[in-house]
Every structure is written in structure tokens, then in C-alpha cells.
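Okay, so chain A shows up in both of these, paired with chain B first and chain C after.
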Partner chain A sequence: DSHIQYERVGADVTMKCGSMDWDAAVTWTANGTDIDESHLNGSYLILKNVDLSQSGQYSCYEGSSWHLKYQTYLRVGTPPKEPVLMCRSNNYPKGFYCSWHLPTPTYIPNSFNISVIHGTKDMVCEKDAVPKNRCHIRYLQLFSTVKYKVTLTVTNALGKNFTTLTFDEFAIVKPDPPESVVAKPVPNNPRRLEVSWQNPSSWPDPESFPLKFFLRYRPLILDQWQHVELSDGTSHTITDAYAGKEYIIQVAAKDNDIGTWSDWSVAVHATPWTEEPKHLTTEAQITETTSASTSSFMAPPTTKICDKGAMVGSGAMAVCWTAGLVMAAYSVLFI
Partner chain B sequence: MAAADSPSAALRRRDLCSRGIRLAGKMRADVVDLLDAYVEQQGLDASASVAAVEGVPLAAVERWDEQTGTQRLLENLAAYRAFRALLAQMLEEQREQLGEVDAGLGHGLAAVLLQVSAFAYHLEELLRLESRGIPGEEGDGPPPLPHLSLFEQKLRGLGVLRELAQWALRSVRDLRQLAKPSPATSGAPGLAESP
Partner chain C sequence: SPTGDSWGIFTFLCAALCNLPALPALNCSEELGAGQSIQQTYDLTRYLEHQLRTLAGTYLNYLGPPFNEPDFNPPRLARAERVPSATVDLDLWRGLTDNARLAANYRAYSRLLCYLRVLDGQVGTAELRHRLSHFCASLQGLVLSIGGIMSSLGYPLPAGPAGPPAPPGMPTAPNDFLKKMDDFWLLKELQTWLWRSAKDFNRLKKKVPPAVVTLQLEARGF
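Up next, the complex of A and B:
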């Protein structure tokens, strides 16, 4: 007969060779490899202080005939620790889901049983096909002051454990993050970024259960975030961006009245609009070439030297008075 | 009804709903603060379960999304009328216990009572807009309770405030449903009766 035998890590295991007498001559194998006689006590196989590596197929053969007399699959593992359970409603007011996992593996199969009680009423938590450690419940009532009590029991061949969560309907509401976050520069506005997003698709009725949003943004070169809370709408214009700096932007959502904030959305990057670099005309190119070997004075795009009203020239090269004078000074120095 | 569906009535309805949502939102915030103060000053455990007490309207509802507009208004009105009487009783009990209205808790109760009364009136306005008759108030309030010990009074007060907080939340949701534009057909549970 072949069967499965579960043993705890660290246990001492004694295997009998089926119905063979203690003094019968037998040979034991582990995964096809002969086991040294030092592990035998008569025909019994003794494994002391077993560890995970000793899991496998153990077979016992009659000494002379090599008839298979006994076979077992040894699985070394541990009883379950207290499971970790989480319940959340990301689709309020439809229902909520609970998911769980074990803090450490047991190395042997486990079964999970979940019970949900609302007052005196037992509710059915329907298990999801994927992922397997999750089930969902439909709210049968809304606005109840009676708490929900969820108990998860995990059982395996070596023991069992459980955990319980008790909560109010409104306390576990946490939407999924906003979707499709887009950030775009605003033409001719070097300090603005236009951000838009959508309600999470899992939130079933944003009209009756509106969400509010939290937007955070910072230039990549800084660590400190700016925050804006928005009570309605799915767009916002940032008006204090540092010109020319790349920004990272994220959005979170919360039901307007209850629950907690979602996780942050996927981050998007954007840089505010900047004026395109101007191409130089012939005269200015000469000036530029002459002075280029020593130093060139060209204002960085974000630095404003003069107003557009003080520009000379036109088209691709419009140089303002101040810059023109400085460039001329340099060129004179190096002629 | 033709009058209730006129453009001006629709605007008035939306305006009343918006104001009602703000009223209910403020009321809920104040009730939540009052609940915290009540638990602390009455020496109660915030997580204590309180059995449903007769006369306290339960906010819990099944098939909430299927209710008609009129059902929502009538149930809300009945609830806030009951809370008006319950809060008045709690204030009276406070006076009896302390000889005068406690500065903190008593003022908090009185402020919430005022908001509950105002909200009840607001609901009556919405019902009038729909040319619905305003149901008469039953008797003089909740039935007189058997004599409760001081601790039982405190627990009942906890139950009243908890349900009121949930009702305020439900009212916000109900008014948002009411504020939705009614479709042309009469089948939707907006303010028109469902078939």
C-alpha cells in the first residue's frame, strides 16, 4: 500500500515495513536510494529529528525476494501559524472581499475555511477562482451599525490555527487607485502641468458614491511632495511647477464620506512647457563662433534675462538688448 | 405629477437636495464628535455592542438601491422625527442627572437636536415639492420607556447617537439619489414612484 505520512520538522519518525516482523530482513530506500543499515532498528526505519530535505518516497523491500512490502510518501512540514487576514471593500456599496495568507510556509497542503457573521446572520463568502486565497461577499444591508465578524481557520495534517477580524461596514471601504492618470504640459505656460485621471473601474457607482482625490507631485530632483486635495472633478492644473523640471505625479482616491484612501496610482512623469531653443542668424553665428572657444554667454531656458518687448531681430533669432550687448562685449575682447 | 416635473421644480429639487446633502454632512460630522465626547464622559467602551432599542430607528436597510424617491423621503422623515424626540429625552436625562445642562455634552446634544429638527423640516420641504402629503406625527414621540438604570440610559444614548450617525450618512446618499435627474419614463426609482 502506498500512502502519505505527515510529520513535523524535528520529530523522530519510525516506519514499519507493513506487516513484516521486527526481525525480518528488509531493505529500505529513500527516493530509490538504499538507506544505510545504521538507520534501522530490526526492520523498522528510524529517522531522528527530521528536516524538510527528508521528504520523499520511502520503500521497504523483503530481503531476499525484493518484493515491495511497504511504501509511503513522507512529507515533513509544520502546523500552521496564525494566518494573516484582510478584508476590504473596493466596490462599495456592492460588497467586500477578504484575502489571506500564512506568514510562514508549512510545506504541506493546507485548507482554509472562512465564516462571516453579521449580527446573528451567517453570510456566505464565495471563493474566487483566482486568486485562490480570496472570497467575496455581497452586502445584504447598508448603513448597519452591527459589526461584521470574519473568522478564518487554516488546517493541515499537523494542526490548525485561526484569526478573527471584526469591523464596521464603512471602516473597510478603500477604493482602488485612480486609473489612466495623464499629465501634460500647457503650451506657453512654463509653470503649469495639466493632470487628469479616471475613477477606478472597480468603483461601481461614482455618481451616487462620489470619490474625492489627493494629488501629489514633486520635481524628480527634490524629495518633498506637494499635496492637493480635490473634492470633485477628475482633473487639476498644477500652477507652481518649476520651469523646465521633470515632475513625478500620483493620485489617490477615497469615498467622499467613509473609509480610507486608496494606494497611490501609477506614477506619471511630465515636464512643463519650455520655449524652444532659437536658431541663430548669420551675424550672431559669427559672434557666437568667435566667443565660443573661451566662454559663451547663453541664458539657460528657464532663466529670464529680459522681456519679450526688449528683443531685437526677428524670426528664429530674436536676441534681447541685454544679451546682445554682453555677447558683443565678449566678442570684442577676443577678436 | 406635472408640477413636480416642471423645470423650476426640478431646479428647486436639486437645490434642496444640495443643501440637504450639506446639512446632513455637517450633522454627521457633529454627531461623530458628540459620540466621541459621549463615550468619554459617560465612561463607556467605544467598541461596546449595543442591542437595538425599541424606538430607535435603525439606519440599516436592504435593497437600498431599489427604493423610490418617496420611500427615501418618508423613511428619512420618520427617522429624524424619532431622533428629535429621543435627543430631547437624552437632554432631559442629562439635566436630571446633573441638575443642569453639562456645558460640553449638553451643548453638543442641543446643537445636534437643532440640526435634526432643521433637517426634518428640510425633508418636509422636499415632500411638499413633490406634492406629497406630509405624514402627521404619531403621538407625542417615542413610547415612555420602563425605568432604566443610569447605566442603561447611557447605553441607550450610545445606541441613539450611533444610529443617528449612520442615518446622517444614509441621508447624504439618499439625497444624492434624489438629486439625480429623473429619466422620462416612470420606471426608475428617482422621485417618481416605481411601477
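Up next, the complex of A and C:
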């Protein structure tokens, strides 16, 4: 019959060949490979200072008959370190979830037990199928003055460990990031970008629990972000974008009154509308259309801002002197 | 933030002045529909919540350990139920009528104000007395503001807390430690009420259109 045996990394392991006497003649194998006699003490197998690579199946055979007398599966591992626990309410006021993980692997199976105490009441945290290591709780009461105490215990064959979190209902509120962030250029406005987004779908009641938003944007070529905080609405028009520069834009959400900001949304890229210059050569025109924003609007002759003779640079980065000066002036202002 | 504080003071003053039911002749009450007053009352709760953070920090330090420890999590003793709790069943809270919602806030803050005033009379340091009396004044403004909204919507004001601050049947703390526990829970309830009120007034904002209430103000001869 077969067992499993768990041992700590660095331990000394002695395996007995079942009920065989100490002085019986036996052969031990590890994963089918014979083990040298130097590791034997009589019929006992001695493994000193075991490491992870020594995990495997160990079998003991009677000397002459080669009968299998004993078999065990050795799993080398470690007792659990203090687990990492996180609780968060991304669906306030419905409830909250907790998720956990071990900071370092134990290499052997672990079991987790979570307990939630609210004042004198024990609450059940229902385990989620996916992802694993996560459970959720529904609030029975709102606006509680009593803290929640969550204890996570992790146990394996070599030991146990635990961690506790204590928090107020309001402290763990953190929505998911806004969804469907879209940024579009505004026709005929070379310094504008229209950004719109939606409330995260996990936030159940934006009517009674409105969210406020934080928008950040910067041209790809700069490191400094610009920020706008918006107390309502799910759209905003950026009016100070640098003409012709590609922007990266992100949005975060927070309950109007409590909790913390969400993580940043997925980043979207957009470039403000640029006027299509009319009198460039064919090659330059192709470069312009592939790098400019999605605008099918042809600049009328009256809005022409410079003669082709006054162009500086080439292709997509072609600017005329006046526009160049204006941009330089704006850049100085923003530094 | 500093700008937030001055805005808070402004809205508090406006709410206090323009919503006093005893002064119907003020011009600004005509322009203020209850919708706008709800916004101002909401702003006032945010201002108070901000003030309370500083006040509670100072007061809990005055009480000393363990009250000023961040993870102090004592069990709720039966005697601490004197203050109406903000805690409520979720569906019940959602289903509250506007009248019930406003009345719950009015009653809670009236009682909390009484208890805070008692505290004000007892504390040792000048700094605490100053902070407490400033906070009480703001809290008084909040009670008046809520009362004003209720009156303008035609709701009767709940019977105020008459008589001495300690209701009959509520014994004073037998020892110093329990007295400090009472103070701790008072501040905790106040903080929770301010968080709840923000949500209460959010709900009221959506449900009370300003136009309806301006008509009522006119009908009452305001």
C-alpha cells in the first residue's frame, strides 16, 4: 500500500521498509532508480538535508525476491508563511470580497479557511469558484459602526499560519476602473479631445451611490500627466491638447464620499484633429493621412495658415513658421 | 483642502440663514428650492465630516490609549445604545420615504448635538473646548438646515430632544473608563451618521425636483 509523506526542506528523513527488520537485506529505489547503499542504515533509508528535487516515489524491495515491501511518495515542502489577504468592496453597498495568496510557494497542498466576524456575529464568506482563493460576503446592514474582522488561516501538512484584517465598512470601498473609455478628436478643433466612459459594471447603484472621476492625460512624448477631477458626468473635453500630438488618456473612479480611488482604466490613445494641408506633394500627402487623426474633412482654402514655401520639416512633422512659433510659445508656458 | 473649507463655511452660513423657518421674509428663500437646499445640506455634511476627522483625532488623543489606537475595536456595550444608530437594513434604507429619511437625520443630529454639548462642558483643554464649540455651532446649522428642508416640503418636524441631555433611564457612567467608552462611541456614531447622510442626501437630491418645492414656498407666502 502506498502513502504520502510530507517533509520540510532541510530535514533529515528516515524511511523504514514497512515491517521489515532493521537487519533485513533490501533495495530502495527513488522514482525507479536504485539508491546507493551508502544511504542505507540497515534496511532504513536515510536522506539528510532533503531538498525539493528529492520529492518522488520511494520503493523498498526485499533483497532476493524483489517483492515490493513498502512504497511512499515523498513530498518535500515548507510550512506556510503568513498569507497575504486583501478585502475590498467594488460593489458597494451590496457587499465585499476578500482574496488571498501565499507570498512564497510551499510546494505541497494547502488548505485555506476564512472567518468573518462582525461584532458578535459570525458571517459566512462564500467561496468563489473562479478565481480560486476568493470569497464574497453580502452586507446585511449598511452604515455600520462596528468593524469587520477577517481571519485567514492557511494549513498544510507541515504547519499553519494566519493573518487578520480589521476594517470599517467605508474603508474598503474601491470601485473597479471605468469601462469603455473612448477618446475622439473634435473636427475643426486642433486642441481638443472628447473623452467619454462608463461606470464600472460591477458598481450596482450609481444613482444612489454616485461616482466621481479623475482623468489624466499626456502626450506620448512627455512624462508629465495633466489631471482633471470631475464630480459628475461620464465625459469630458480636453481643450489644451498640443496640436497633432498623440495622447494617452486614462480615467479612475471613486465613490463620491467614501473609500479610495479605483485603479486606472485601460489607456486609450487619440490625436487631436489636424487640418489637411492642400498643396503638398503626393508623397507628403500620404504620410499626412496615415499619421493624422481620423478626419475626412478637407480644410477649406480660407483656413490655410501658411504657404507651402514657408514649410519647415517634412512629412507628418511639417509645420509652418507661424504654427511652429505658436507651439513653442505654448510649450514654454507649460514647462 | 482650504478651498473646500471656505466653500463649506459659505454653504453653512447660507443654509443656516436662508432655511430658518422663523424668518420667512428673507429674499433668498424664494430662489432656493428644496433641491438647492438639499445640495447645501449635503455640502454641509461633507464639511462636518472633514471637521470631525480633526476633532476626533484630538479628542481621542486626549482620552489616551487605547482609544486613540487605530485598530481599537471594542465590543458594543448595551449602555452605548443611547444615540440613534445610523446602521440600517439595506432594503429598509432604500425604501425610506423622503419624510422618514429626513426625520431620521433630524432626530439623530439633534440628539448628537445635545450629547456633544455635554461633552463640551466637561473637557479639560482649551483647544478641545474651542474645537468642540465650533463643531457644535456647525452641527446646529445642519439641524436647522434639515429642519428647513422638512418645513419647505410640508413635513412636520420630529419632536425635539426636550429636557436634560441624558434621557431618563440612562445612567451616567459609573467609572472613568466607561465614560471614555461612551465618548468613543459618540464620536463613532457621529462619524457614521455623517457618512450615511451624504448617501441620504444624494438620494433626496435625485427625488426632490427644485421646481415642485418653489411652488410650495410661494403658496406658504414666503
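Just so it is clear, the second predicted complex is superposed on the first by the 278 of 335 C-alpha atoms of A that agree within 3 Å, B and C clash if a C-alpha of one lies under 4 Å from a C-alpha of the other, contacts with A are read in each partner's own complex, and residues count from 1 in each chain.
Please note the rule applied: a contact is a pair of C-beta atoms (placed from the backbone, for glycine too) under 8 Å apart; a residue touches a chain by one contact, two chains touch by 3 or more.
The structure displayed is predicted, hence computed values, not measured ones.
K.L.:
With both structures lined up on chain A, is it a clash or a fit for chain B and chain C?
P.N.:
By the criteria stated at the top, chain C and chain B clash after superposition.
K.L.:
With both complexes overlaid on chain A, does A:H136 touch chain B (first), chain C (second), both or neither?
P.N.:
In the superposition, A:H136 touches no partner, neither chain B nor chain C.
K.L.:
Classify the contacts of A:I258 with the two partner chains as first (chain B alone), second (chain C alone), both, or neither.
P.N.:
In the superposition, A:I258 contacts both chain B and chain C.
K.L.:
Go through the superposed model and pick first if A:H101 touches only chain B, second if only chain C, both, or neither.
P.N.:
So A:H101 meets neither chain B nor chain C here.
K.L.:
A:T120 contacts which: chain B (first), chain C (second), both, neither?
P.N.:
A:T120 contacts chain C only, not chain B.
K.L.:
In the superposed model, which partner reaches more residues of chain A, chain B or chain C?
P.N.:
Of chain B and chain C, more residues of chain A lie in contact with C.
K.L.:
Once the structures are superposed on A, label A:E207 by its partner contacts, choosing first (chain B), second (chain C), both or neither.
P.N.:
The answer is both, since A:E207 touches chain B and chain C.
K.L.:
Which partner chains sit in contact with A:R191 here, chain B, chain C, both or neither? Use first/second/both/neither.
P.N.:
Neither partner.
K.L.:
Check the residue A:V146 against both partner chains and state whether it touches chain B (first), chain C (second), both, or neither.
P.N.:
In the superposed model, A:V146 contacts both chain B and chain C.
K.L.:
Following superposition on chain A, which residues of chain A contact chain B and also contact chain C?
P.N.:
In chain A, positions 93, 140-147, 170, 207-210, 257-258 sit in both the chain B and chain C interfaces.
K.L.:
Hey, which residues of chain C end up touching chain A in the complex?
P.N.:
Answer in residue numbers: 46, 49, 71, 73, 75-76, 85-90, 93-94, 185, 188-189, 192-193, 195-196, 198-199, 202-203, 206.
K.L.:
Contact residues on chain B for chain A in the complex?
P.N.:
25, 28, 49, 58-62, 64-65, 159, 162-163, 166-167, 169-170, 172-173, 176-177, 180
K.L.:
If you look only at chain A, which of its residues touch chain B in the complex?
P.N.:
Its residues touching chain B are 93, 140-147, 170, 207-210, 257-258.
K.L.:
Considering only the defined contacts, which chain A positions touch chain C in the complex?
P.N.:
On the chain A side, the touching residues are 93, 119-120, 139-147, 149, 166, 170, 207-210, 256-258.
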